[in-house]
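I'd like to ask you about the structure that follows.
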Amino acid sequence: MAGFLKAFKRSNVWRLLKKNARFWICLMIIIAVAVLGIVGPYMTKYGPKTPTGEIMAPPSSKHPFGTDYFGYDVFAETVYGIRVSLTVGIFAAIIATIVGVMLGMVAGLRGGIIDYIVDTVINILLAIPPILIMLLIAAFMGKRGIIELGLLIGLLSWQWTARAVRSQVASLKVSDYVATSMLSGNSFIRIMFKDIFPNIASYSLLSFVIQLGSAMLTVITLEFLGLGASEWSLGAIIQLSVLWGAIPLGVWWWWFYPGIIIVALIASLYLIVVSLEEVFNPRLRRE
Amino acid sequence: MTGESKALSLTIALLFIISASLLATITTASSIPQPPRDQTVVIGGGLWSPPTNFNPLVPWSATTGTIGLIYETLYLYIPNLNKWIPWIASDMPKWINSTAIEIKLRNAYWWDGKPITSEDIKFTYYTLPKEIPSLYYANILSYLINVATPDARTVIFKFNATSMNYPQFYYYLYTLPILPEHIYQPIIKKVGMKILKMPIVGASKPEDIVGSGMYRVYYTTSDTLYYVRADNWWGKAYFGLPGPKYIKYIMVFSNQVAIAMLVRGDLDWSNFFIPGVPTLVNRYNFLVTFYKTKPYYLPANVAVLFMNVHKAPLNDPRFRKALYYAIDIDRIINEVYQGAVEKANPVGLINIPAWQQFLAKDLIEKFGYKYDPKMAEKLLNEAGYVDRNGDGWRDLPNGTTIDLKIIVPYGWTDWMQAAIIIADCLKAVGIKAEASFPAYGVYADKMYKGEFDLLINNFGSFVSISPWTYYEWLLWPDAPKIGQYSWSGNFGRFYNKTIRSLLEEISHTPLSNINKLKQLYRELELVLLQQMPYIPLWYNAAWFQATTIYWTGWPTSGNPYGMPLTWPGTWQYGGLLTLLHLKSMKVTGTTTSHTVSPTQTTTSPQVTIPAKTTTSTTLTHKTSSTPISTTPAITTSTPTTTPVPASSNATYGIIVAIIIIGIIVGVIIWWRKR
Amino acid sequence: MAQHNIKLKDLTKIFSLGLLGKKRIVAVDRVNLEIKSGEILGVLGESGCGKTTMARMILRLLRPTSGKIFFDNIDVWGLKKWSEIREYYKNVQGIFQDPYASFNPRRRVLDSLYDTMRFLPDIAHDISKSREYLREILNSVGLKLEELENKYPHQLSGGQLQRVAIARALIPHPIFIVADEPVSMVDASTRIDILNIFIDLKQEYGVSPVIIGHDYSLAYYVSDRIVVLYRGQIVEEGSPEVLEDPAHPYTKLLKESVPLINRKWSKKFKPNIVAYDATVRGKGCIFAHRCPFRKPVCIEKEPPIVSLGRSKVRCWLYATN
Amino acid sequence: MAMKMGFGEYVAKRIVLYIIVFFTAVSIAWIIPRFLGNPIAIIIARLGPGQAGAAIAASYFMQAFGLNKPLYEQYILFWIGLFHGDLGISVWLLGKPVSQIVFKALIHDLILMVPAIITSWFIGNYLGAIAAKYRSLDRILLPILYILTATPYFLLAMILQWTFSVQYKLFPAVIQTSILDRLFTNPSWPTFIAFIKEWTLPFLSLVIVSMGGWASGMRSLMIYELESNYSRFMEMMGLSSRLISSYAFRYALSPQITGLGIQLGTMVVGAIAVEYIFNYPGLGYFLFNAIINNDPFLLQGAILIIVLMVIAANFIVDLLYAALDPRIRLGVMG
Amino acid sequence: MDMILELDDYRVYYKTLSGYVKAVDGVNLSVAEHEIIGLIGESGCGKSTLALSLALPKPPMKIMGGKANFLGIDLTRIPWKKRREILLSKLSIIPQYALDSLPVIKKIRDFLRDIARDKGVDEEKVFERFKERINFIGLPREVIDMYPIELSGGMRQRVVIALATLFSPALLIADEPTSALDVTTQRHVLELFSELRDNNIVGSIIFVTHDIASVRQIADKLAVMYAGKVVEYGDLEEVIREPLHPYTRGLIKAVPTLGINYKKKRLKGLAGSPPSLLNPPPGCRFAPRCPYAREECRINDPPTIVLDGYRTVKCWLYTRR
């Protein structure tokens, strides 16, 4: 591992990344949000449902994000919300990436009927907005825990990854080195993991980050529509603020802070992908 | 132009032509002049589906106002004053003997000019339920033997003394709409039971319904219902005419829309639950509520926490009692409602005179139920509900884990928040509980089937002449087993022999026999306090906010003439009186043109009407000089409706289409130039 | 030395395209060929003639549409068990055109060799033994084991890498090595050395290379026997000398068009460069539309294979019908 | 080797896919609500007191909605009804035929979404092309574009609502559906202007967010295209960068056109939140209410129309794409 | 004879993260009027860089020094606007993979129109000129109304040639124009180049290739590049007949020709591989592979020695001391 790190540091990737200010800013934001979600609950003396006694108080040193209609501290709500939303998002992204990479690889490598089925499912999921199905299922799901919701989102958003992996693998499959590997007497599984996977690993990583961004967006939207995992997720805070008239009542801090954190997080994820793509792909590099 | 650009522009043009033609062919046949704003009272809160059904025989489907504005009842009942107002009846019902009641009628007539006679009353109360056994009030015949009509203005109801249900009959007196026999009888002859399936009875469209009330349907759209004053209403001689010439009843589904419309003055009379009323009342001083300060509203019904008493641990009265001690109802009231509702007493009798007299205050004091988590923990410990598996939550004595779920419908924000707080309170005493928000339909299904742990509901607990209606709904002794639909309010399936007999006896006791009733209710309440089969939480309010921009004369604590409700079937509680009291701001002559500018800071409670014309004008309303407002009354029935030629629709659609296509062509040209 | 062979029997590959597979491209058309051990077979053909498809079918990488391939009378595509397929690959190995594409860019080149070592379980289990073995193999292709240690494909030159590819194919001591354009991506100055390796393989190890290529003079240089492919069919077959004096009009055309270092093109000859549509095939001779010696029968009927002594030609010119 | 696939085959293949999509989506929309709860309960819940009446009403509605039939029969009847244009009666908006509701909602959606999609598509692609072309501008534009993409539709809607209707009272905060109705029943210029005012904010919310997506997509596509062989060749021919980028733009448009169909799907869903905030009576609004009110009939109807809309858009886009890209039009792919 | 292009100590480097790759490192070369000069070398020797940098020195490519005098203009320090004017009208380039270089979304006519407008030339004149060219090249006239994808690779290649010669440039640079073509088409295209020159449609041609046999067919002069430097230059016939530089010698020896079979004569290639241009060795860059290398060769870069007036060789062997 240490050797790998050393090699990595010497490599072009590291050299390019070091210079990329955007990458570091975005990474900082993501880390900051994650830290807020992990440590945040210990930073505030309020729980998400602890009445503070001040109703709809604007942001102050005591309540950095103000308090809401019910007199709860918005900062406390937000940090607890980040926890839930981020967990669901990460879980969903992991599932989507794993399923997408696996299906894409198997379909691309095996071809035939499996490929046809996967391709058709991908096309169906691309044609019907998957979030529509998510909405439907989420609405009628008895229990919407973090795991259930993560599964739901993950299992319905792998199609982009799968499609990209499938076409990459399909072109790798006819490549000479896979043929060489077969001539070397390697089995299908060995070829998949030794020859195919390393070549899509960096794509899988990028795909995971993109999936995380879009899963977060989906999570937030579902939460906003009241179909999220818990009453304290980021989207749910915003939903509650809308339902309780935060806009006409002028309680902008109630929804603005959680909202801006969501945007900062997702935008950072997307921008990191742009930076990484520039690093991995010389054609996109812009001096 | 090269091939591909041609293809592109053609496709886009096609897209727009499709949408434009859809636009042009949009339905709806006729168009009616928009009623002038200052003669219209805009109401919201009681319209939840498109105004298409006006059949008073299926009140659950009937549009609001069907009973009250179109068809009228014999009496009005004002719960907050415990006052009867004879409406079609001219006097209070008079007992001739112990099995007969006599009611005299006013000189009332239907819109078609025919008088409302005792035959119509008999038709409504006796003939109809007899001919349609599946009518919702057909059980009246179990004690109503006959209805006699000695003359056109006198009705005598004859009862079976043993099966007589006094509270129900009195309830029917102010809730059953009197129907025109001359219109309904021939239809029943022809279609029989199928009359229940007719959305409109005796007419082809709502505008042509023959009723007797003070408003008739003007026209309807899919989400708006217009009523126009029936200027030949019989009651003019007795009550005068209501103020607003038009009622515009709008369908709004969300709080934030209601708030937005209310503070802009687009909604005159709101029966919505609206969050932040204290803030709003402070900020917009044209807003009126019944009370100027807490609790702002009159109580209307009871929000009850139902418990599934067949499921451990909720089958244990000790556990249920502990729940009462554990739940901080005041917290819900303060956090969720900002004090706009009141805490319910442990049996849930609303603070209206007709109910309060039967509240056994001494019993309640003796039991001393209150928020006391220590007490709750003590009770739970005593009953053996302690943490047995070390997960931090209490378990059943046999070691099974307890995991309660409180369900309320998704989108019912105040209840959602309340459920969260309840779950929070339960967690505080070590009971694992979670608030869950299924879709309304799922919630209702679970509720009627009894497949739940805990839920909040209030449907049948509306204020009435007698607490019997409340208890009967809540404790319906014949509720079927869990898993089968029980359409009564005994969602928790609480069966108790004493209660069954007490309810029976109460129904057979005349309302005037107060002492006996007091005794019976006391016994019933004793059972409730001992068993705690449900927990009354707070009194849901008669949500009412009004603006004084166009209309004044709203009922307030200073002039509490009625409950200003417009929900279906509740107009008799004061909504009709409110309409009679309303005065146009224009008539009072304060201003001909006013501007609403909500005061931005709560510190300057300046009266905004007439307001200084500041830069921020949200709504400028010029008193119109449209012919309708100047010509006092087209006294003959409905205003003439001019069907707009279909071409006008199409023309408009085409204009819009041309505009859109123009924009697109412009964009294409711009794009081509690149 | 025992005689081994690979027999192609009516080998055909058709690529179906489109929704219902209506568009068909016949890549290999009823090829009958016997590849014998102990000789270097050169397959000569331009791009699109089906030579790569044929190689991949022999290497069991692409399933034939019809026809069969026999290795010592074993139906190659009838093999089902993985162990049998491995056994086949132990005897028949392959080398591809682009050495950089033939090695996984993410793996060290030696890893690929060690993979192949598993054909020899006795040696593979002993690290020092297998290193010795590899060293020997690499020496025979002119490489040193130490040069390759920890190297990734991109760190080697094309010539070196192609040598590694040959070494890899050589590991199980196969009977045949099918090399698809083994030198076309290698620099001109080193090409000949790679070809020499194949010659050495035959002479020293008894491996029989099948060298597929498009270069006229290279094919002449390296082959013991030559097969000329055009649009999926063998048009001419014989000793390398047929290239000097071809019989088939197509081979003639090739000979005239090929640039050679030691002569300039004659100005008289103008090659017919009419392109063909890969999806269209007439009834007659596949070369008929470009053939300067075309007779009516060429368009009507498929020509027979005519034996001319030193070569076999598929042409009506030599048929005595 | 060029793969050949005729234009007709391309279209046929897409049609087959869309038919599968249609059946799958509509069946899912039909099945899911059946598993949960009796939609009749919601009607009965409105009834209030009275055990006797409720029981009668329940049996009446069970029969009226055909819920007493076995499931497979209901499913068959559903499809039969569908092909007769009969989508049943809404439970939530009791008594109203679903077809009427969704038809009207569809029109409202078209009024909102078609201009929004087209506007955002044009502006977004233009911005993306500019960002790809001018590197100095890219530094500023790139983060902005991605921030826009990362913004949930509803958040932007709220920011706009707060800014433009609460702080500066330029536009009304919500749609009053009556104005929309009046626009159709009784059109007049004041109504039209009032409508446009109400329409502006939802329109902007949709445009600005999806614009970010288009622009960021266009940017990467353009960068690729500007590095491609033909761009190189054109540079070698000394052609102006204006012309080269216009070619690159044309190339990059093809995938963007394909994206249009898919984007429509996300926009429909994004529109749910926007319609919810602005009370705009489009399909998203009814879909959402159908979900939370357990109205299977309205749900089916709304999904059906949305799926049809997405499919129709995808199909138009496919044709457009084929028409624009000679590679498909001439039947050569790959 | 007038010189069209004179390169003097011309250097083009690539900027990479690890430093500069010295792809063209001090090249002296002249192209006279009306001559075809063949530029050959192995892959990675800098020949394509040299060709491309004259037309389009774009990052990461960077001109590091020297002069490139083209018709009196120094191409190394010419502003972009000025260069655009020269390109196509005076200096044209046919890029590598020319058959993929046409924009497929436009008909050739539309593409021509755009070129005409962009260059400020009359459209009709351009159409006329183009028709003339395709006529000359041997393409049907209908080509102008077709999409590039409707054409075969060879046809597209020739369309590119037609486009590049549209304004009769004084210098045409052709970068590996035939490597992706069939043998027959290759011959046609190659002959086309000399015909273009013979008919004065283009002035001079720099013909960049790795195939010495094809350059043999058309060029007048030959320049051999090795590792960023021109190692030998002279009259084509002379160089081929009597190569002076050890590299050229080895290269020519390594190329087989028809009639040489391994059984008759074993050819030998050049051992080793070219050096990395990131850190080239001091001294002669060919020294590590050179059979004649001496101590001196490894230390000092050999000078360019001019023989017979214009023939040059860059080797210590030919220094007079």
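Chains: A, B, C, D and E, in written order; residue numbering restarts at 1 for each.
The working rule: contacts are C-beta pairs under 8 Å (C-beta built on N, C-alpha and C of every residue); 3 or more make two chains touch, one makes a residue touch a chain.
None of the values given here were measured: they were computed from a predicted structure.
Counting only chains that touch, the fewest steps needed to get from chain A to chain B is 1. Here D is the chain whose Cα centre lies closest to the centre of all protein Cα atoms. Across C-E and D-E, it is C-E that has more C-beta pairs touching. If you average the CA atoms of chain D and of chain E, the two centres end up 55 Å from each other. Spacing of chain A relative to chain C, judged by their CA centroids, is 49 angstrom.
In this assembly, the C-alpha centroid of chain B lies 35 Å from the C-alpha centroid of chain D. Distance from the chain B centre to the chain E centre is 89 Å, each centre being the mean of its Cα atoms. For chain E, residues touching at least two other chains, in rising order: 105. Residue positions of chain C touching 2 or more other chains: 48. In chain A, the residues touching two or more other chains are 139-140, 226, 242, 247-248.
By the touch criterion stated above, chain B contacts chain D in their complex at residues 3-4, 7-8, 11-12, 14-16, 19, 22-23, 26-28, 30-34, 48-50, 52-53, 58-61, 134-139, 196-197, 199, 221-224, 248, 250-254, 256-257, 260-261, 264, 266, 409-411, 438-442, 444-448, 459-460, 462, 469, 472-473, 476, 478, 485-489, 568-569, 616-618, 644, 648-649, 652, 660, 663-664, 667, 671, 674. By the touch criterion given at the top, residues 254-256, 259-260, 263, 274-276, 279-280, 331, 335-336, 338, 410-411, 413, 416-417, 420-421, 424, 435-439, 442 of chain B touch chain A in their complex.
Listing the residues of chain A that touch chain C in their complex gives 175-177, 179-187, 194-195, 198-199. Within the complex formed with chain B, the residues of chain A that make contact are 49, 51, 55-56, 69-71, 139-140, 142-143, 226, 231, 240, 242-245, 247-249.
Listing the residues of chain A that touch chain D in their complex gives 22, 120, 123-124, 126-129, 131-133, 135-137, 139-140, 213, 217, 220-221, 224-226, 235, 238, 242, 247-248, 250, 252, 255-256, 259, 262-263, 265-267, 269-271, 274, 277, 283-284, 286.
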